[in-house]
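Comments concern the structure below.
Order of writing sets the chain letters: A, B, C, D, E, F, G, H, I and J. Residues in each chain are counted from 1.
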Amino acid sequence: MVCADKITEELLKAKEEKGLTYEEIAEKLGRGKVWVAALFYRQATASEEEAKKLGEILGVGEEIVKELTKPPYRGRLIEDIPRDPVIYRFYEVLQVYGLPLKAIINEMFGDGIMSAIDFKIDVEKVEKPEGARVVITLDGKFLPYKKW
Amino acid sequence: MVCADKITEELLKAKEEKGLTYEEIAEKLGRGKVWVAALFYRQATASEEEAKKLGEILGVGEEIVKELTKPPYRGRLIEDIPRDPVIYRFYEVLQVYGLPLKAIINEMFGDGIMSAIDFKIDVEKVEKPEGARVVITLDGKFLPYKKW
Amino acid sequence: MVCADKITEELLKAKEEKGLTYEEIAEKLGRGKVWVAALFYRQATASEEEAKKLGEILGVGEEIVKELTKPPYRGRLIEDIPRDPVIYRFYEVLQVYGLPLKAIINEMFGDGIMSAIDFKIDVEKVEKPEGARVVITLDGKFLPYKKW
Amino acid sequence: MVCADKITEELLKAKEEKGLTYEEIAEKLGRGKVWVAALFYRQATASEEEAKKLGEILGVGEEIVKELTKPPYRGRLIEDIPRDPVIYRFYEVLQVYGLPLKAIINEMFGDGIMSAIDFKIDVEKVEKPEGARVVITLDGKFLPYKKW
Amino acid sequence: MVCADKITEELLKAKEEKGLTYEEIAEKLGRGKVWVAALFYRQATASEEEAKKLGEILGVGEEIVKELTKPPYRGRLIEDIPRDPVIYRFYEVLQVYGLPLKAIINEMFGDGIMSAIDFKIDVEKVEKPEGARVVITLDGKFLPYKKW
Amino acid sequence: MVCADKITEELLKAKEEKGLTYEEIAEKLGRGKVWVAALFYRQATASEEEAKKLGEILGVGEEIVKELTKPPYRGRLIEDIPRDPVIYRFYEVLQVYGLPLKAIINEMFGDGIMSAIDFKIDVEKVEKPEGARVVITLDGKFLPYKKW
Amino acid sequence: MVCADKITEELLKAKEEKGLTYEEIAEKLGRGKVWVAALFYRQATASEEEAKKLGEILGVGEEIVKELTKPPYRGRLIEDIPRDPVIYRFYEVLQVYGLPLKAIINEMFGDGIMSAIDFKIDVEKVEKPEGARVVITLDGKFLPYKKW
Amino acid sequence: MVCADKITEELLKAKEEKGLTYEEIAEKLGRGKVWVAALFYRQATASEEEAKKLGEILGVGEEIVKELTKPPYRGRLIEDIPRDPVIYRFYEVLQVYGLPLKAIINEMFGDGIMSAIDFKIDVEKVEKPEGARVVITLDGKFLPYKKW
Amino acid sequence: MVCADKITEELLKAKEEKGLTYEEIAEKLGRGKVWVAALFYRQATASEEEAKKLGEILGVGEEIVKELTKPPYRGRLIEDIPRDPVIYRFYEVLQVYGLPLKAIINEMFGDGIMSAIDFKIDVEKVEKPEGARVVITLDGKFLPYKKW
Amino acid sequence: MVCADKITEELLKAKEEKGLTYEEIAEKLGRGKVWVAALFYRQATASEEEAKKLGEILGVGEEIVKELTKPPYRGRLIEDIPRDPVIYRFYEVLQVYGLPLKAIINEMFGDGIMSAIDFKIDVEKVEKPEGARVVITLDGKFLPYKKW
């Protein structure tokens, strides 16, 4: 039993000392880089094998390794409306494009939702003459509302 | 001066009567389908030409057309934490993957944010054997923090 | 375009005038009674056929019938924490048994959730010597967290 | 006097070390598995005998055993609207099906509520070809509003 | 279908025109005066007979009479923390004496609650030399937590 | 200077070790049992004599005794809307019967409030064939609004 | 039955047309000017005589006059934390000087409060060389906590 | 660097040990008693001389003395709406008399506010046959809205 | 008596029909352009002369003109945390630079605040090779905390 | 890994011991004084060189120096609506002038926002006969809404 914040702190410290990026760790683990970062923040669960491998890569103790295999209590931002500008922009997108996205999804797929569980997310850097662009891809299964 | 809800209602009614999808309207306008839906919900601003063209496509009056060219008061979901399941899933993504995304963006791009202004968003339907997937692409300029 | 509250009001009035229960309507439609009530409150979407049939059963106009086939904006209780005692008790269950349920679900199924989309719900009345009992069954597909 | 979080932590640690599931502990105690998990999270009260027995099963100290027999301060999720996806789905059910459930209960039982005190809850796993289903049964006494 | 606020308004107006007090109406109905006031504010449900009788006493129309027999959506104060000083004092009592009351109830009755459903409430005026006193009696069935 | 939570903890521990109920302590002090519980939770202030006597009854140190004579910062429930079911029921009573109570008090006493300061509260257990009842009496001075 | 906002609007309009200040009306009524303003905003109750006299002064109809004699639902600012700068400053005073004031009152008077019911409030203008000063006097009865 | 709560605690302890009232300290310092209490709660800033003098009066260390000369982060009540009954009454005054006070101030002084910075506050005890009264005087400079 | 939203709507409509910018109106009035916009949104008060002149410029009725001379209820954004991206950025500046600004102001000016009443604000457009910049100047009197 | 509050505390303590102002440090670093204060509060990120230089100026350890080069979690005021009067005034400006500023910016620049990232802020002291004025300049790039 180690609390989530403690685990994140230990993992980040080890990552810093090893001088590794999420990308590099992701490659070693054979997983996506956002998923790996999510693991660091206790928002994802590793298999025993993955946890063990990560433990070896970072040189962290067994207790931490074990914790990473347990389903975490997810979703622990400090505020309802996030204030850090990086994270707030996603809230802004939700506020500005939430209703349009719903309209489009319902029109294209019918009544249902994009799963946030059977879901993956990735970030790419696209260099353009006028500056780099952050391209984020959300990819979730469509779940139609079931009738009964 | 026509209030935003009124405009949305009129546009949706006209779209329904004409039997058009956002995709079809987007094609006629030469714009992205999410942008068009955003225009319907008064979250985007049309040029005079675009507004006029949309007016012709849908057969709505001049007053509505004119309103679409004015910068709107954006971001008017009913609740701080959206409750409609389609829109909530984006909030869940933000809660679960917000910190990991920030960590990845800062690692890949340095200290700065993904713009939500110099920004575009698209939705695609990807058919898979186990069911359709909703693939959403957020594409925003990286803005590095300026020092002074 | 008829607003959700208006539709609910019309449906309830018609139901009252016809002297029908949800159970009776559900039987005529071949659907579950909670699903039918959800349709009345614009929390479910009917097929065109179902909407038409309901229109005939209740004798409501075509505009209403048409609206019932469109995906609604779901989840419109008046308060974040519901105050009506019937509905509050579900919030109390969530507050008291939320963490235990999560622990049990994670233990029995692994890391994932009970879907609220591929989901059905029913209410039964069980007569006991010491008084009737309300038995509610929630039945949702288990969705395991996807890794990538 | 040991604080609730401390007790939960100790119990979970002991359970982990003993390698026991809630189901197994429940069987040994002759109680339902959700009730046992609720006891772990200090949302239920054990009789002295039950507490003692649990103490023996898990090998925890007397102080902990004693605390389990005292009525706890119930209902301590971190947020008003829970963010962990497993628990949020119950909030979503409440938001989407709260009014329909109230309508059904009032129609079937008259003016009153489902008790959350004279109440039990269980979770079953139902294997289906398309995947496992979580089936949760809420079973509470109907309490009619008393007049005076 | 008449909305709750409308009904309250009509009943209060009729009561005022007839020059009746809640006490007088309560006596005619054979019910407690707080229950009658609760009926006026749509927080209680009348039997058909009671509603009819009240209709005759106040001279209100049949539609109103009918509405009074339907289970209402209860609990609609304007604010989470009530601001009217009369009502706020009950919130203050809850804030100041909530934990002590819980301690006393648990000590006297064991683990359980005072029902707010199988419940009655009355107000008396007690004249004292130093001024009148408001004496309110809450009388609810004790409901012990059920184990399973 | 000892913080309120610390004092409560010490007092509760001592009470537990002495095996005393609030009722027994109240009798020894010549005070009401809810007032004594309020003192334990630092919601009331003892005279020096009362504090000393309580100190002797429970065998707690002088520092604690001294603190009990200072006016406390009152009203420290964890949440705006209390979630523990015992305490929540009082909030529910306030939500459901708040407006009716105000109407009755204003009708019986005129424009003013029930004091929560010149106020006492008691709990009795009334055994009935169908089970025990919790009877709580709030008794506060009526304070008429002063004009000037 | 006329709603509070309507009454305020009517009274303010009449006052404006008559070209009267609160001070002038207060003098005619033999009441304090803040009390009169409170009456306009439905935060105070007039006697029948006072209401009638005010009706004559302002020339408003009988229905309004009658409403002023009924105890109002008090305390209806739009926000929890008021945003109008004039009113916010009182909130700021409460935030900055609330604890110091409590300490001073408890030290000077013992454990108890300043009544906001047996209470009066006045505003004076004091001309000083460096500009006018607003001097507000709150004058409330001290209510000691009652023991029982 | 000593945190605000720590300083307050130290000052209150020293004051208690010396057996001094705010009034007595205020006299020694040549300052108002509420200002002195505000200094104790880190809501005011002392000059070096004042801080030193207070240090001598109370016998507290140099570090504390130094902190008292730094502008504090003001306004740290625990809740948005204060729950302690002494402090809540000021909030109630604001809710009930906020709009009337604004109306009076604007009528007497024009468009502007009472400053909470160029501001002083005092409390007096006025003995009356029917009991003591708390008289609080707020005295702030009127600041007219500047145009530009 | 015309409500604030109504006035804003009328003024904006008239401004649009006349084809005038805030800058042009400001020049005609001899006032700053932000002040003029503030007047449109009922956040500032005009002298009779200014109101009359604005009435002539825009051709609006006398009732509107008169309202503009009355101190308004200021500060009526729809949300506590504004969601429109233009306005949100000011909230973000406050969140990110609030503490640093306080530190700088206290260091440069001593303990006190920048007045928001004896205050003016202006916006300029500065063209730069890499794009236009918005330069906003806040200019408020420093108000030192008064001691007493 | 040092937590943000810890870093701020250390930096402020060192600054105090060295007797340096933000202005002096800013000059040594060749940066603006608000930016430097922002760095102290972990709202800005230094280059390695800048961090090292600051470390030398203040004599703080290497761990702190290193932390200053990492992108921070920004925006951590204690409250949604800040209560410290210095910081609140910015919120008041936002509430009072937010809509007017948006109107002016949209009129002068078209549909878009002032960046809070490509942004700088400065404070100047302007001495006037009637007292010092705080002049704050916000200077952010205009970002037009991109269409797609």
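Quick note on the criterion: a contact is a pair of C-beta atoms (placed from the backbone, for glycine too) under 8 Å apart; a residue touches a chain by one contact, two chains touch by 3 or more.
Small disclaimer: the values here were computed from a predicted structure and weren't measured.
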item	value
Reference interface H-I: repeating pair among G-H, B-I or A-C with over half of contacts shared	A-C
Pair sharing more residue contacts (C-beta pairs) when G-H is set against F-G	G-H
Where chain A and chain F are represented by their mean Cα positions, the distance between them in whole Å	48
Centroid spacing, where centroids are CA-atom means, of chain E and chain J in whole angstrom	54
Separation of chain G from chain I, taking each centre as the mean of its C-alpha atoms, in whole Å	30
Touching two or more other chains - residue numbers and ranges from chain E	73-77, 80-81, 83-85, 88, 92, 95-96, 102, 106, 112-113, 115-117, 119
In the complex, chain I residues that touch chain H	31-32, 35, 44-45, 71, 73, 102, 106, 110-113, 115, 117-120, 122, 143-148
Sites on chain J touched by chain H in the complex	9, 12-13, 16, 78-79, 83-85, 88
Touching residues (chain side chain G, partner chain H) in the complex	21-23, 33-34, 37-38, 40-41, 43, 74-77, 80-82, 84-87, 89-109, 112-116, 119, 121, 123, 125-126, 130-142
Residues of chain F that touch chain C when the two form their complex	81, 83, 85, 88, 92, 95-96
Footprint of chain H on chain F - complex, ascending	1, 73-77, 80, 116-117
